[in-house]
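Chain lettering (A, B, C, D and E) follows the sequence in which the chains are written, and residue indices restart at 1 in each chain.
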Amino acid sequence: MQLASVVGTVVATQKDPHLAGRTLLLIQPSTPHGEPTGRALVAVDAVGAGVGERVFYVRGREASYPFLPVEVPTDAAIVGIVDHATVERVGSSTP
Amino acid sequence: MQLASVVGTVVATQKDPHLAGRTLLLIQPSTPHGEPTGRALVAVDAVGAGVGERVFYVRGREASYPFLPVEVPTDAAIVGIVDHATVERVGSSTP
Amino acid sequence: MQLASVVGTVVATQKDPHLAGRTLLLIQPSTPHGEPTGRALVAVDAVGAGVGERVFYVRGREASYPFLPVEVPTDAAIVGIVDHATVERVGSSTP
Amino acid sequence: MQLASVVGTVVATQKDPHLAGRTLLLIQPSTPHGEPTGRALVAVDAVGAGVGERVFYVRGREASYPFLPVEVPTDAAIVGIVDHATVERVGSSTP
Amino acid sequence: MQLASVVGTVVATQKDPHLAGRTLLLIQPSTPHGEPTGRALVAVDAVGAGVGERVFYVRGREASYPFLPVEVPTDAAIVGIVDHATVERVGSSTP
């Protein structure tokens, strides 16, 4: 999963029926240290996240798992709100 | 999902039979602020989008969900037309 | 799906049995305007494409759909030959 | 799969129920020579890895396989701890 | 699929049980002309490839197909050894 910040919302009247009633949030992927990285995307919220919160999201087909048995056509879903992320070591590793 | 603008159309007589009758649109991924980002791609339309509209699309196997039970061999499908996208905060996050 | 040009062929005697008898083509992804972009890859042909033709291809698990019920282990399949692609608008979008 | 180093941990009280009880680790992808490459991500641990260890992880839907029959909504899972990786040749290949 | 050269091996005692007995190879993706491109990765061998050979590999869920009915948790599998790859045209295409 990737870390991200929730930065906005998306409203779409005309959409696939299986997306009806789902919250669509704009999220900005970020590093463990909170810097934005890569481009923002639209994710379906599965945990009640809100703008300003730090989350992690899942991509690909697994993004539809939280909504089973409904087959929601999404490739990104917020599956957790980060309480805290601890980076103990970032850099070269020579195990 | 990714935000994008519909920028053109693709016509293909010779194609996989499960793509027959589907609308193939050229879309240009874009940032929440509307700037183009990354390369254009071909998506199957699932919501009646047209050239000039702002949309979001789903990638991967989920792109075939809107057309089930037909197994359409596509990895990109337009699943919503954006009414408006609100960016409340983009930048570094220090939750 | 992505646009691409067929630029060559790949011959492999020793390969997964489910790839036997399939045509393996080298394709170069391209922009809607025909410029090469990204790295070339090997795709299974599902529509009878040949070297020099402009095509679009599907990636991921959907790439095996054209060959069902055989589960061909491929992540790229050519699913259409482009007659013409019309770009009506490429650039910033402010819907 | 990709090589990576385990560099930290993630704590999330509010998360998808199928992630409950799973260990979430921050991992930094690395080259065969141990240099960090690309951005850090959050992976579910399937082999008892700890911070400082060198591992390899699987992405995509396969990342949920180690936890079947539970459909864990993850797109990254640590599936092995590296004893040693031998690079016999890196560079241009002219077979 | 992508072209690659086999450049090394990975040994892991502690790993997902479904990977037991599988050969894990380090592969370096390459262009049709044999130049390395992108980062090296760990792939499960499905065709008896060895260090120094030129191969093509499949990514994503399809990477587990060669090992069915066992659900091997891998996202990369070597599915062919290249006898020769012929590039007839690489460059701009104006069909």
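Here is the rule we use: a contact is a pair of C-beta atoms (placed from the backbone, for glycine too) under 8 Å apart; a residue touches a chain by one contact, two chains touch by 3 or more.
In this text the structure is predicted, and so the values were computed from the model without any measurement.
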Shared touching partners of subunit C and subunit D are E
Using mean CA coordinates as chain centres, what's the gap between subunit A and subunit C in Å? 30
How big is the gap, in whole Å, between where the Cα atoms of subunit B centre and where those of subunit C centre? 18
Using the touch rule from the top of the page, what residues of subunit E touch 2 or more other chains? 60-61, 63, 82
Quick check of your reading of the touch definition: is the inter-chain graph here a line, ring, star, complete or other? ring
Please list every chain around the ring, with subunit A first and subunit B second. A, B, C, E, D
Any idea which subunit B residues touch subunit A in the complex? 1-3, 29, 31-32, 37-38, 46-48, 56, 58-63, 65-66, 68, 77, 79-95
The answer for subunit A against subunit B in the complex is residues 5, 7-16, 18-19, 24, 26, 28, 30, 34-36, 39-43, 51-54, 60-61, 63-64, 71-76, 82
